[in-house]
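Two complexes come next, and they have one chain in common, chain A, joined by chain B in the first and chain C in the second.
On to the complex of A and B.
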């Protein structure tokens, strides 16, 4: 398979916004992953909004505003976040990784809550996630084979996914589960899609698994899927 | 000097002869805030007054050294226009009193040294020595320290890529917490601390100044005593969120914004930064203390001068661009204020409500501490040999015991608290290889880094133990294909006022100096922490060595876990005689004993062989024999890789010492069988003894010598012992 970055004509690379809050620390990891997939990443200060020609926006990992309160609680109010529902309504795609997932949940763009790990504490681990069939076909996942087992690092203290309706309420929208329970999440949930499939939140880090030298390239498919969607005019 | 002034100086930690020296140099009585300035800057922690002249024994030059001792952080050229800035710092006493904050601010502090050099930090490592895990107080300290390192490093977004943790009763009550940070900087992006430009603005950026860490540097320079817990106010409090904003603001603020010089405010805070910047630049600095952003009302001028509140930087900025600079920091959510001016004449002055409260020669403050020449014991008391004990016939029992020993046992459960992949540079993280390996941006080139210390050997012989630490660092780096090129040293010692301890300090520095000369590499800077003692005595001399080397191709780095169907080659010449070792301690029940086996030349030869073979892509597994000796090294490789091995050979000497002794220059190499002959030939021409002794595979580790099977143990049993510390709950 020829990589999309090699097939993209130079100068025609689509842009992908990477939203940076004070305390964000995964911005470069996400930007590098977008770049390898063929995008030109654009860092967007959380006090501003993404440029109009960005059809893709990412909310990276980190500790926005220090996460001294509930993770992601403050970041949802930033102008860059308030603009995201409109981007999705227009057909754009949004990914939130780790703290970004927490922020998307706090912002109400994804249902449920991400709470303290059980057992408690920050945990870093290379984990295996399994890709599941979901009801909605997500543009983020076209290159991911159902049943595939992918190795990504997890690195979080508040990744315990909860939904008041239990597993049945979300089962159709969970594209990845951990191969064993890492943090107390219902149904080993590691990621979640909204009803449109355009908003994708994921707790472990596909953005740290897209460089062949550093452990795994199992995360590349996510960013390459998004590139395909843009290149084929599906966004 | 008035008695009340004299007493105030003594209470701050100044010595009578230093007070006399101050009065003579000034030709007048010092003011009270001036005494605080001297107390901080002339503390052991800031002035190195007891160790300075001896530290000069260590070589400090190399063609690839871009910044050496005296810089914020040493920096070495790693190729492709990149330099790595790296440094080690101790936070021992704060961590004894308030483990979480002590360790967290240790990480924050060392990061700011790297940032001040202009480098974007890319990793943290730590070298920790605690009392035994069964001691509740030591466990409390260890858990707090680990949580503090994790809390700060994870939040600011830096991977913790490894380190070393030692458990030994001699560190009970006085733990060692040494943090190392490294960062990447373009050669032309390095910063200076030299203040320049009369009339230029002095700008304060970062957290506001509070009463935390008042005279913390002086607190670090006395022994811990009964009243130690009352010293909490000397401990700084960290805030990684502010640290993160400050880091981004500082890295984005360069000469293009009119920046002339910068320095972080660490030990002795504003006083240290301002007086050192002035001294380096041969200029003076006037500070308006009223302009310093304060956290609380009613602070005294001396408190503002010597507070060690965290997350603060001091800049010299072109006068006409000062307002723009303040705006730059405000944009990043960092408070900034113009608090002073660069002046002619070399004076360090501070004003408070328009009144001069400090007016001193900057060089006297920064560099003027009289050297302390403590008496030195002519010789060191000999350490008794281990009591004799019988050699076991079968190695399985002692091996399983060794694998579960705190300090040897697996620490994955501890490292899981730390993020080790954030930043996308970590090629090998904790436990994945003998040293951490990081890659350069958009390149297959990288660098390796390791940190080690051998206090248990130094307790017997500080000179040889220091050599052994350098030897271990050399081997660790070689096992990932990197030749050691420079070190940063963290010297942790007992009080130099004790002639025996002072002699040990000389021996440690002499060992480091001779070792560096033998390896033909420099020290790039570091840290000295003295007065590590409690009522029960001093800690063993514990020089930490943080070492770095270049990895030309990160795709060829071996792992520390075995895979199946490899040829196992033992490199080096293990000695089968009693020597100071983890085995000797466990088998004899004595903490110290025996001689220290060290042969740096053997380590150097081994390293050259490993580096050459790894660069040719021949090596799948490489692990040097450290604590626990060659059998523990092999067993760890089996346990991590979940694969067995069968080894058969004969040797001279006692079985247990051969397998568990800690001889220099010994390592296991695993290669695909097709490379075995070529590797052995390379070893021969490198002057390294090497024997192909067996193969990996199966689910048991079996060793035969002659007709007898001396070890036959399942990999499950090895793993159970090796992973046991998680269940014990040791931090």
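On to the complex of A and C.
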């Protein structure tokens, strides 16, 4: 994997919003991943909305609102979240990692549901995900080779992806699967795209695999792909 | 207008696996309790609803469940509505 595209003018790094809820704990991992890819990360309090010049927004991992009642349920109504559908409608990109994925699902920006791991329990370990071909070409994935096996850490208790239509209902939009059953997800689903490819939810953490000092840079391609999309004017 | 006390129970839909229920049942087994079988783990919410009638209160609860409190992919609910 190479570094950020050289086509961006120096000193004019694009901004990437990182939304912070009470209970978020993955905001810095996400911000540093955006920064390493060439963005200027901007922390956005969930009670506010992202600056108008942010074309990229990330919903980080953690335990927003303590996961009360149902993971992601309370966060979906925050002003920062309510603004995201409009960002996507204007061509912007949204990523949700771990609890962020749960929040995007709760907000209806991605289909289905994420529920308690099966077998039960909070699971945290390095996992291997395999990249799949998807029907829609996502700006989040242009640097990811189909069939690539990537090492990312997972850390969740409610990552069991469920869709009432089963695997067939989502197969075209699943860009990553675990190499084995990790949490009961249908088809070992580890990530999901919306119909536009602009909304990307992922349960394991590419943001915790973007720094050589912590064991893997296999997650960098996600953030660098988004950077390319902005730098090349595709967002 | 009257006040109605509502007790809402949200639980896993039949056919959807319930790892929480299975985990709690496993813990019961771990205590060597042999005459108890845990079926499901759900959530309970107690609230007051101001409405013109019990039907009106029930409608308000149904609406809230649909919009916020119940994930229809995974869960079902029942509500006990009583006039305070």
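What we mean here is this: the second predicted complex is superposed on the first by the 227 of 235 C-alpha atoms of A that agree within 3 Å, B and C clash if a C-alpha of one lies under 4 Å from a C-alpha of the other, contacts with A are read in each partner's own complex, and residues count from 1 in each chain.
Keep this in mind: contacts are C-beta pairs under 8 Å (C-beta built on N, C-alpha and C of every residue); 3 or more make two chains touch, one makes a residue touch a chain.
Given the structure is predicted, the values throughout are model-derived calculations rather than measurements.
Asks: Check the residue A:29 against both partner chains and state whether it touches chain B (first), chain C (second), both, or neither.
Replies: first
Asks: Identify the partner contact of A:121: answer first if only chain B is touched, second if only chain C is, both if each is, neither if none is.
Replies: In the superposition, A:121 touches chain B and chain C alike.
Asks: A:235 in the overlay: touching chain B, chain C, both, or neither? Say first, second, both or neither.
Replies: Touch partners of A:235: none, neither chain B nor chain C.
Asks: For A:205, is the partner it touches chain B (first), chain C (second), both, or none of the two (neither)?
Replies: first
Asks: Of the partners chain B and chain C, which touch A:69 in the superposed model: first, second, both, neither?
Replies: After superposition on chain A, A:69 lies in contact with chain C alone.
Asks: Tell me which partner A:213 touches in the superposition: chain B (first), chain C (second), both or neither.
Replies: Touch status of A:213: first partner only.
Asks: Which chain, chain B or chain C, is in touch with more residues of chain A?
Replies: Looking at chain B versus chain C, the one contacting more residues of chain A is B.
Asks: Going by the contact definition given at the top, which residues of chain A touch chain B in one complex and chain C in the other?
Replies: Shared contact residues on chain A: 121.
Asks: In the complex formed with chain B, which residues of chain A make contact?
Replies: Interface residues on chain A, with respect to chain B: 22-23, 25-26, 28-29, 32, 61-63, 65-68, 121-125, 153, 155, 205, 207-208, 211-215.
Asks: Under the stated contact criterion, what part of chain C meets chain A in this complex?
Replies: These residues of chain C touch chain A: 16-20, 22-23, 43, 68-69, 71, 73-74.
Asks: Considering only the defined contacts, which chain A positions touch chain C in the complex?
Replies: Touch list, chain A to chain C: 69-70, 73, 106, 112-113, 115-121, 160, 162-164, 184.
Asks: Which of the residues in chain B end up touching chain A in this complex?
Replies: Chain B residues touching chain A: 150, 154-157, 239-241, 244-245, 332-333, 415-427, 439, 444, 446, 554-555.
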